[in-house]
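Next come two complexes, and both contain subunit A; in the first it sits with subunit B, in the second with subunit C.
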Partner chain A sequence: MYKSLSSRKIKNRIMLFIIVAVSILYVTPLISIIYTAVERGGATLLEAGLTFLTNLPPTPLSTSVGGIAPALIGSLLASALAILISTPIAFLAAFYVTEFPKHSLSRMCEVVVRSFSGVPSIVVSMFIYSTVVIGMGRQSLLAGSLSLSIVTLPYAYVYFTSAFRSIPESLREAAMSLGMNRVRALIHVYIGVLRGSLVTGLLMSYVRAFGDTAPLLFTMGFLMNSVFAGVLQQSNAIPLMIFVYALSPYEIFHRVAWGATLVLLLIYLTLFTVSRILVRGVKL
Partner chain B sequence: MFFSKSDKLLFYAILPLIAGVLGILLILSFVILTQSWPSFQRFGLALFTENAWSPSSDPQKEFYGLSAPIVSSLYVSTLSVLISIPISICLTLTLIEILPNQLGTPLRYVTEVMGGLPTVIYGLWGSTILTPLLRDQVMKPLHDFLGFIPIFSCRPLTGHSILTASITLAVATTPYVTALFIEGYHLIPSKYKEGAYSLGATDYEAYKIMIGILKPYIIAASLLGFSRALGETTIVALTVGNSMRFSLCLFDPVHTIPSLIANQFESARLYEYALPALFAGALVLLIISLIASYFGIRLIYGWRERIHV
Partner chain C sequence: MSAYVVEVENLHLRIRGAEILRGVTLRVRRNTIFVLMGPSGSGKSTFLRTLNRLIDFVDGVEVRGSVKVLGQDVYSVDPYDLRRRVVLVSQEPNPFPHMTIYDNVALPARLNKVVRSKRELDDLVRWALEKVMLWDEVKNRLRNYPHTLSGGQRQRLCLARALAAKPEVLLLDEPTANIDPVNTIKIEESLKSLRDEVTVIMVTHMPHQAVRVADHVALLYSGVIVEEGPAVEVFMNPKKEITNEFLRGAL
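Entry: the complex of A and B
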């Protein structure tokens, strides 16, 4: 009736091996991505040097790869503007939902903000296009930032809620027993406790906004002839530039795309690692 | 609940903010609906039953049908979720149970890095590195030896295809699905595992029991993964081949709704009904995505409450 113990043990070994092997194999795409980005993007960067970060993009007929300055500036500014809008809202909503968890309104708030993560980012882009872009008469850095802020909102919200939930109940009780109301408790106790997580939340939202393409497709414009034209004017972004250049037929654009990919990868990995170190520093 | 006067003030002070967030969602849905309205009026149901993209400078000759991109969107997202579920289960078990902390930490770090990696990088990698690899090593052999099976029957050309898009998408969404699985796995009371071990189960048998308990949660998390894959634009537009045809064969290039929008939006502005048709596609996408993530979230909350009694 029963299988012998040894055959079960052998099966156990084999299955565990397969599970771990699949997990480790899953990592190979990242290795391949980093390898290719360094190989191809590195070639572009070596050719252009540091001017890759300060020059204007090439035309299809250019002989030198030029640079990605408009996209770099656009990405840095638009992501900053986006989290400036989205993280305060996400922070307050998270505070509200964790402080009044039983209230029907905060349940609704939870459902609504979480539904935002179900809105495809390209739909957000089309929404901003038909309201802000049509309203202003042109694509702009502001429109791109608004689009990004909607996309990063649920992300920041989830992050802040879990930060608020991680506050030990004892601290909350201590604050209340000192006669603090919730606003005072937030200012004097919670923010102090959550310092690190809050910075991490900001940083992660920034990284998120920095790498997103679809929200910018119809909102940001595609600035090529100057580095920065103003917040209410067309701009550019690194992911957007990679996307557009990757779809184009010109070889020189592909080289720029790989160079930009390496830059994006380096920025992403740096910010990601910094935020991880911050998280580790504040474990209670 | 304790409610002092100032707390009440705080409560009402935040209300407009919540209303504002809800308002944006409602306005968004409304704007997408009104923008797509002309195409409903003009084409009616044909918009969803026909497959065509024929813009024309004469509005009378324009004709658009989105049936093929809609089906392809569902097809590609489903495939990618089906690929990522087993990988995510393996990763969950490896990270929580099998590899001790010291060895598991780098793997956990790498998985998190892959979860936040800008999708355009996956897209570029998928279209330049993965595509030729899959075409020569996977698609051609499969077509040559198993070509009689319908989903392998078409000849792979450039390699940009349903299969490439699904795999690239699966690589990109697996960390998200895994994070959800891990969250659920930690919620399972330890009594089940202890019970399994006390009956003499091997590790693998115990994991099988744990995954069995997790099954409803896995379905819920997959719905969330599906919703995310459905709206993904960059990866799909770079890998799916962008061709307006109806096909279930894995090696054929197709269009999904997001890839169609990304490709046609600029030129659609020149025609009267092209833009409304794209907005109609966006509306379909929005509705399916919202429904999938709503049920996903509800199932997760329901399971959480059940598992703790």
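Entry: the complex of A and C
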């Protein structure tokens, strides 16, 4: 009996060791990325201060790091426009599919939206390039937003669908028992009950759009000489700027790229934390 | 105007092939408390949900026979309009968790446009909460949310919400099954006080509850109406052995 207990303790310790080791292996790269971004990006941010967020980018021979204003504004606007396009579609599709799961239109909707999620985002970028960019004759913030909206659509759809599916059947019945039709139930009950989840879905979609690079490669352009030129004109984005500057041969561009990485990371963590807090606040 | 608010003739109902109701024929008089009794699984809740077509939300339902509520075939009227006039209160208390106590009661009144001013709405909310004997317990916390109430209070809130819709028929699906005796008595007293304003159709598997509140009762067993009649008559002198067994708690 004692032998068996001791062997179980040994097995327990081995398993515990494996779990801890795998966890460390899993977390180390993440900590390393955050540490490097903070170390190198922090140096750039300390050097430039808050003007890093408001100044134009430097030229290759500049002595000061300048700022990332065009990319910051471009990212904020393009992501906002993208979720303005994608989330209403995702919301309505999710509502329709959860309310009428057996309808053929629902099945089609499910297949189409989910197949979007399997399309590589660079392909989406190419698609928008060949349709919108060539059609308009230029890369633009609108084209970038459209590209991002296609990428975020399935993401928002999955989020909203699981939110609608989480509504307890008793609440659906309560709404229907009072003579509400589905739209009234949506307006008066479901949105109120799910407001935390819906805002979270919106934020998470925004976060996703904010951090994505590939959809913008052929669509957004690379605006550097002004903060904002218009929705139908070229713009810039933080992930795009990091990608382009990281590949450039100029040391000053590398410093800007690290600073931009830290800014992106901070924005991402802030939005992510807010969305997690909101999820925790949802009580059904 | 017919004396009967519900007239059901030879109702057969199947769900995914399984026969739940088998030739149910029933009539319910206006402004009475009608209690449909029966053991669990006898088809009581299904019958109740047929009256306001909530059964439509269940997959694979086939209905045969005639179901007239408020003088009209339920399948010839707008189901949403029907449900505004024939409101159901479920077994499980289900107040809307994102709305205050006040708003829970006010919502159906607003949706059904039964009031024209804020003053009228306030009066209606108070009336509904008084009817279910909840007013004194919540009058100082109308802006609180339902999760601050006990299970029994939540169920009475749901009853008040249903009353605020000003229905003509109130369907109650074992409304006291999950609550304590004190709240059960309060709900039963509320139902008795409503007799002049609304027709109540309640299902229950507890014969002693039917004894306390019913004017008229029917026993549903395996989807068939075994016996029905005035409550006193059925309780004092049941004609069928199954009724006798049910009343003795042996079913």
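For the reader, a short list of remarks on this structure follows.
Keep this in mind: the second predicted complex is superposed on the first by the 267 of 284 C-alpha atoms of A that agree within 3 Å, B and C clash if a C-alpha of one lies under 4 Å from a C-alpha of the other, contacts with A are read in each partner's own complex, and residues count from 1 in each chain.
Simple rule for what comes next: contacts are C-beta pairs under 8 Å (C-beta built on N, C-alpha and C of every residue); 3 or more make two chains touch, one makes a residue touch a chain.
The shown structure was predicted, so the numbers you read here are calculated from the model rather than taken from an experiment.
In the superposition on chain A, A:A43 makes contact with neither subunit B nor subunit C. The partner that reaches more residues of subunit A, of the two candidates subunit B and subunit C, is B. Judged by the touch definition given at the top, the superposed model places A:K102 against both subunit B and subunit C. Touch criterion met: A:V193 reaches subunit C, while subunit B stays clear of it. Using the contact criterion defined above for the overlaid structures, shared-chain residue A:E173 touches subunit C, although it does not reach subunit B. When the two complexes are overlaid on their common chain A, residue A:N181 makes contact with subunit B and with subunit C alike.
Of the two partner chains, neither subunit B nor subunit C is touched by A:L53. By the document's definition of touching, neither partner reaches A:L76: not subunit B, not subunit C. By the document's definition of touching, neither partner reaches A:I85: not subunit B, not subunit C. Across the two superposed structures, the residue set of subunit A contacted by subunit B and also by subunit C is 102, 176, 181.
By the touch criterion stated above, subunit A contacts subunit B in their complex at residues 8-9, 11-12, 15-16, 18-20, 22-24, 26-27, 29-30, 32-33, 36-37, 89, 92-93, 95-96, 100, 102-103, 105, 108-109, 111-124, 126-127, 130-131, 150, 153, 176, 181-183, 204, 207-208, 210-214, 217-218, 239, 242-243, 246-247, 254, 257-258, 261, 264-265, 268-269, 272, 276. By the touch criterion given at the top, residues 1-2, 4, 6-7, 10-11, 14-15, 17-18, 20-22, 24-25, 27-28, 31-32, 35, 86-87, 90-91, 93-95, 98-99, 107, 109-114, 116-125, 127-130, 171, 174, 202-205, 207, 227, 230-234, 237-238, 258, 261-262, 265, 278-279, 282, 285-286, 289-290, 292-294, 297 of subunit B touch subunit A in their complex.
Residue ranges on subunit C touching subunit A, taken from their complex, read 52, 54, 57, 59, 80-85, 87-90, 92, 94-99, 107-108, 111-112, 147, 158, 161-162, 165.
Those residues of subunit A that touch subunit C in the shared complex are 102, 168, 170-174, 176-181, 184, 188-189, 192-193, 195, 283-284.
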